[in-house]
Structure formats: structure tokens, C-alpha cells
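Chain nomenclature is as follows: A, B and C, assigned in order of appearance, with residue numbering initiated at 1 for each chain independently.
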Amino acid sequence: MIPSFKKFNSRFNFAFIDENTKREIRRKLLKAICLPGYQVPYSSPEMPIARGWGTGGLHVTLSVIGKDDVFKIIDQGSDASVNACNLRDFVHRVTHCRVTFDTHAATLIQTRHRIPEEQLNDGQILVFQVPQPEPLRAVERYETKTREMHGEADYARMWVSLYEAFVRYGDIMQGAGYPVMVNGRYIMSPSPIPRWDVPNLHQSDCLYLFGAGREKRLYAIPPHTDVVPLEFDDVKFRIEQFPGIRCSLSGTGGAFMDELYNDLGHFRHVINDSDFLDKLVEHKTRPQQWSNKYLQQVLDEMNANPDLES
Amino acid sequence: MPPILDVRQYTKRFDMHVLNGKRIHALSNVSFSLEPGELVGLVGTSGSGKSTLMKSIYRTYLATSGAILYQSLRYGPIDLVRATDHQIIALRRDEITYCSQFLSVIPRVPAVDVVAESLFRQGIDRDRGQQQSRDYLDRLGLPQELWDAYPSTFSGGEQQRINVARAIIARPRLLLIDEPTASLDQRTKDVVIDMIVALKAGGTSVLCISHDRYTLDRLADRRIELQDGHVVAASEPVS
Amino acid sequence: MTNTSDTWLLKVEGLTKIYGEPNENSVRLTGPLFGSNICPETDCIVACADINLELFPGEVLGVVGESGSGKSTVVRLLYFDLESTAGVAYFSRYGNGTLNILNESGQKKRYMRNHLMGMVYQNPKDGLNFRFSSGGNIAEKLLMAGNFNVGRIRERATELLEQTEVPVRRLDDSPASFSGGMQQRVQISKAIANNPPLLFLDEVTTGLDVSVQAKVLDMIRTLQQELGIAMIVVSHDLSVIRMLTDRTLVMKNGRIVEQGLTDQILQDPQHPYTQLLVSSLL
């Protein structure tokens, strides 16, 4: 009888990706952190999910995760969406790391198109899944040209497109993925987060990492970096406004809202961030939010009209 | 005082490459001078080289040999044959004006601006330049409704008046003027002659080509006659 | 056609552009003497070679020649659209005229293009972005010169369109819907938006019908007189050259064959090629 023995204890390496590839991705991440806002090309190895479904974020997550990390993943603010659940299960299966819904308890958070409402601290990393890393793609279709434009800080056409939007629609209409100037040097796409989240990139305590798997690019915003949304002297950046609107579940405002429609065409507002909403409803506490002047203005207005609270 | 213009042994030959290298001897060893404030009439039959000489002084034609010394306000004594293009441009702007027989007009520029162009070049503002220009056109009897029209559509006599006004308005130090009174009626002829006389009284030296005996009798201090590109007769300066 | 002073604004020496792989004989074996700009030994194309010129402030210089004579190449090299093979160029308004502007970095070149130069191309598509409005096209120049106030940008764009006789109500329309003459005038507005001391005009009236041509030329003359911009005007059309310029360079097979005062070039041309060109003038 032929003796059977196992060559490996596990069928894959810790965190799925082999150590050499992880090392490559970490090296590229270090470069990205050194050049805030600069897009670093990387290998973008094959994953057991299709490109365009969060592979970039997954590459970053799996390359930086350690055995002691506590992992959280959200998809447009929700811990419970199919995409978030599947990726959470996958990360857990290949790392056996603890997973959580609690923003505050997590050390590593992967996100699709939102920054949590609760302020992140210096022990936390937020990993963005990025569909289109190139902010200039809308104005220039050739990669060789956009790289040259970044190299020379030639952002004329980006600015003209904002001017054009203002002229055509009376406002800079860019909703998700509002372009930002990072560290006074590179224009960067913050991934399709709402404008509501953009000010939170500025001078934060946590580290932001961005992974675009399909486009094979990594970039980063290190802690305490200047991140400024593009605006004109007389046409300013604004965040989404929810005037007088309260969440139908928690009865409060001051957070990014979803509009939920029923079959009759009626709609109600619900706070988008599921963990934030849970804490408000179940624990009756309001977690520490980010502090930025845009949000402050919203909170001030809300507090000035307490009678609106239902 | 040295002459303001001193033409020495000036020779001009045209080499026509397109006509199998045919050579035309236009001027041979022409020498004469023009004193400050003097008006010299250039006479001679058609084809004798009068206009060629004038264009040579203005540097529209390049010399084959010889020299043309000019006493410039800006550069001092300068040989117009050897001066740089940029020096010539500056002299044309500030000191030397050439008024040809034919008005070379620019489409869509009204008469008033055609006349005032040299003033604009000297940096005089638009309103003042146009004001002066209207004044000249008025004195030359150009109907007021033509002032803002385009001269390309004007009659020969009207174009002639534009051309003269354009040359005189600049108040040059040296005026080269080709047939200023041809195709003008007697009254306008006298107006033009009076204008040139006034200009001369202001110190301008003038070289004038004319076939018109009356014009030369009233204007010229002396005459130089050209024939087949040679000076055949020249009266001495009056002084 | 206005004031010129005594020092150059732009000085170019030995400017050369060669496509392909030249050898040491390429420049020697091409040019008007050989009637060709293709090197017989390596088949490289000598688009222009040994171009020397000086342009004075406020001066208008014409460059005339047949198609393929290299005249457009010269202005495109000076506007940094193409990279030169050899030669130097100094610009008195940049680094006190001591730096070879052709050797500067892309970023510095762009600074010069945005602040100190303007270009009007034969084809408006080369100078304008048809996906943007006319105002947006003008705004591009103003934004790059550090003007980030939308209100003031629109004021200036309006002023420029008035100056170039484009109906101001078309400010927010794309130039794609404009007539050829109007596109050209928008291009000129953009080129002069930052009051540059130097403007390149490359066959600006070619392809326009005669009445529109006259209108554009007249506008260029007026702007030149009012703003005192130095210009290099490239054209194969001698009447354009006659109307706009003080001095003219004549090019053939990538070389300057003759230069002089424009009236001299037209009335007493020296080089056989110039004589042929002038005698062919309608």
C-alpha cells in the first residue's frame, strides 16, 4: 500500500496570495505611501473572483492583513450586502482572522464606495475598491498621455471640465468620485465615494489604501496628508445636502442618507452606514463622527432646528 | 550741414532668373544729394529709372552697388544700402515715408484708418489718429460719406487723395513721393501742393517724381533728370 | 506692423528637424540645391535645417514657401509641438533670454505656451477642443495662468469674443457648431487670452472663403496694432504675407533661401525660387 502523506497542511498560503506576490504588492504600497496620490502599477494577480468585483481591494487587504487583525468589510455602507458577505467569508476562510461589523473594533476595513460615518483612528487602515483610478480618464483617453499629464502636473483639461460642468448645469455636478488634489501635487480619484465623504480624506489619523485590480493600479493617502477637493475661487465644493431630512429608523440626521422606495412609489430616508445606524438604534449612542467644516455646518443646522426631530 | 540724403555711384541691375537669366540695367552710377528742407523734382521719360531710384532709397529694391547715405535722427549717418532690415523698419516708421503712384489697399480697412495707419504705428491712440485723418480728408475734399468706406472701391482720383494724405500725415523727415498730383483736378492739385509746401516749411526734405510742369514749377527747388538709368542733368543746390 | 525696438524677442540659431535616421551627410545632401529634403543615403527627411532668425518685439515676420518646404515645422518646433533635432532658441521674455528654450523641461515649456505664447493652427481642431464650449477653450488658457475665478474667466472670455467679433451668446456653445471663420476667431481669442508677447499663425486663412479671409486678416491686423504682439505668420499665400508682415523668410526644401523686407521680397526677389513664386502670384 502506498503511504499517503500531505505535503502541505493547508491547500493555500496564509491570506491566499503567495508570499513573493504579497511582498511585491507591499513594496508597491510603500511606494504609493511615499508618493501620496500617485498611481503605482502592480501585478494584480489572478484571484478566485472576477476582476471588477473588488480584486484590487482584496489584493491590498490580503497583502497587509496579519493574524491579529480584526477585519470589517462594507459595500456602500452596508456590512450585509451580498458582495460584502462573500468577501468577508473569503477573507475569513483564508486567514482565520476575527471579523466584525463594529467600525471602532476593526483594524482593517475594506470598503466599496463609502467611508464609515464613525471617525477612524491611527490604528486603522481603510482599503478602497477602485473601479477607475484615473481621474483624468474622462478628459483624456490615452494612458500614455494621462501619465505625462500627471508627471507634469498638467491639469488644465481637468479644470476646464469642471468649468464646463458649472456653465452647463450651474454647479460642479461630479457626484461620486469628486477629484481631489493630494499633497498639492497629484490630482486623485477618491474612488466613487459620495462628496459627503471626501472631506474626511483630509488630514486623517488613519491610513487610506486604494486598489484598482482591473486597472492594475495602487495608490495611497498617508495619515495627516492634505487632500483638497478641486474648486474655484467663486464656485466652491459642497457636500450632499439633506435639508430637514431625518432617518426614518433612528429619527436623526447628520449622516449620509439612502432614499428607499416602496412599490407604491413612496420613499423614506435611512442612514446609509449600517453599523452607524445599528449603534444609534440599538445602543442609543451616537458614535464619534468625523470633524470637518462641511459636516459641522450640517450638524449646526440640525441642532438649531431640534423640533424637526420626530 | 551735410546733405540729408547722399546717393553715391548707385547701380541697380535686375537678374531675371525666370527669364533665363535676362539682365536689366535699371540705374547706372547715379549720384546726387538732397539738402535738408530741400525739394528736388525727379524728371525723365517713362522707364528712365525714376521710380526705381525712389524704391532703391526706400530699400524696396536692393542695390547692386553704390551707397545711399542718410542723416538719421535715430542712427546718425547710415547707409541705407547696408542698414539692417530692422533699422529700415524703424526708419520707415519714424523718418522716411514713401508714397507710390498706386494705393495698395488692405481689404476691409476704412479710408480713415488707411490714412491714420502711420500714426497708429507711431503709437498715437485711435481716436486722435482718426481725428487727424478726417481733418486731412476734409481738406483734400474727399466726400464725407467715403471716409468710413473701403478705398478699394474708390475712383483713381479718390484713391490718389487717400494716398497723399497717408504720406503727409506722418510728417516724415524725408518724403519720397511719386506723382502726387496726377489724376487730380486743379483745385485739389493746389490743395496737395499747399500741403507739401507746408510740410517742407516744417523741415521735411522731399524727393518728388512728377510729369506735371505746373506741380514742379510750384514745388521744386531744383530738378534732376534721368535718362536710361543715368543722371543726364542736375541743377546745383540753391544754397 | 507696429513698434519694433532694438533688441530681439526671439532668436533662433541652426534650428533643425530630421525625421528618420540621418547620417553626417544628410543635411549637406538635401535642400534647394538638390530640390529635395530626402537624404539620398539614409532616406531620412530633413524637414527643416539651419534655420536662423531674429524676431523683434511687436514685429510681424512672414514665412512663405510651398507645401513641404518646412515652414509649419519651424513654428511647431518653436511652439514645442515637435521636438527639434538640433538648434537653439532664446526668448527674451523667458530667463532673460539666456536659456535655450528648446532644452527646457515639458513643464517649463508648457508654462511658456500658457503665459508667453499663442498659436493659431490652420485646422481649428488642432487648436480647440470641440468637446468643450468656446468659453471653456478660452478658460483653459486662463486657468493655466492661475485664474481660478469662474466669474472673471467668463468676463475675460466675453471680452475676447467681442474683440474677435464672435457673437457673445455663443460663449457656451461648442465651436464644433461654428462656421470655419468663426472657429478661427475663437482660436485666436484663445491664443491671445493671456496677452502673450508672441503669437504663431499657421496658415490661418487657408480654406476660408475670400470674404471671411479678409475679415480674419483685418482682425489680426487690428489686434496686432492694438496689442503690439510679435507674430510669425506662416502662409503659402503671398497676399496674406503682403497684408500682414514687415519682413519675410522664403523657404524651400527645408531651408531659408531668402529673407528681407516684405515689399523687397515681393518687388525685388533675388533667389530664383522667390522670383518664380512672385511671378506666379495672381
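Here is the rule we go by: contacts are C-beta pairs under 8 Å (C-beta built on N, C-alpha and C of every residue); 3 or more make two chains touch, one makes a residue touch a chain.
Molecules present, by chain and UniProt name: A = Carbon-phosphorus lyase complex subunit PhnJ; B, C = ATP-binding cassette domain-containing protein.
Everything numeric here is computed off the predicted structure, so don't read it as measured data.
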| item | value |
| --- | --- |
| Chain B reached from chain A - shortest hop count over touching chains | 2 |
| Two chains joined by the most C-beta pairs in contact, as defined above | B-C |
| Central chain (distance from its CA mean to the mean of all protein CA atoms) | C |
| Greatest separation from chain C - chain, by CA centre | A |
| CA centroid of chain A to CA centroid of chain B, Å | 78 |
| Averaged-CA centre spacing for the pair chain C and chain A, given as whole angstrom | 48 |
| Mean-CA-position distance for chain C and chain B (Å) | 33 |
| In chain C, residues with contacts to at least two other chains | none |
| Multi-chain contact sites of chain A, meaning residues that touch two or more partners | none |
| Chain A-touching residues of chain C, taken from the complex the two chains share | 105-107, 110, 114, 129, 132-133, 135-137, 139-140, 143-144, 148-151, 153-154, 172 |
| Chain C contact footprint on chain A (complex, rising order) | 148, 151-154, 156-157, 159-161, 163-164, 166-168, 232-235 |
| Partner chain C, residues of chain B touching it in the complex | 14-18, 55, 59-62, 85-86, 88-90, 93, 104, 106-109, 120-121, 123, 126 |
| Chain B-facing residues of chain C, complex | 1-4, 6, 54, 56, 59, 214-215, 217-218, 221, 225-226, 242-243, 246-247, 259-261, 263-264, 267-268, 270-272, 275-276, 279 |
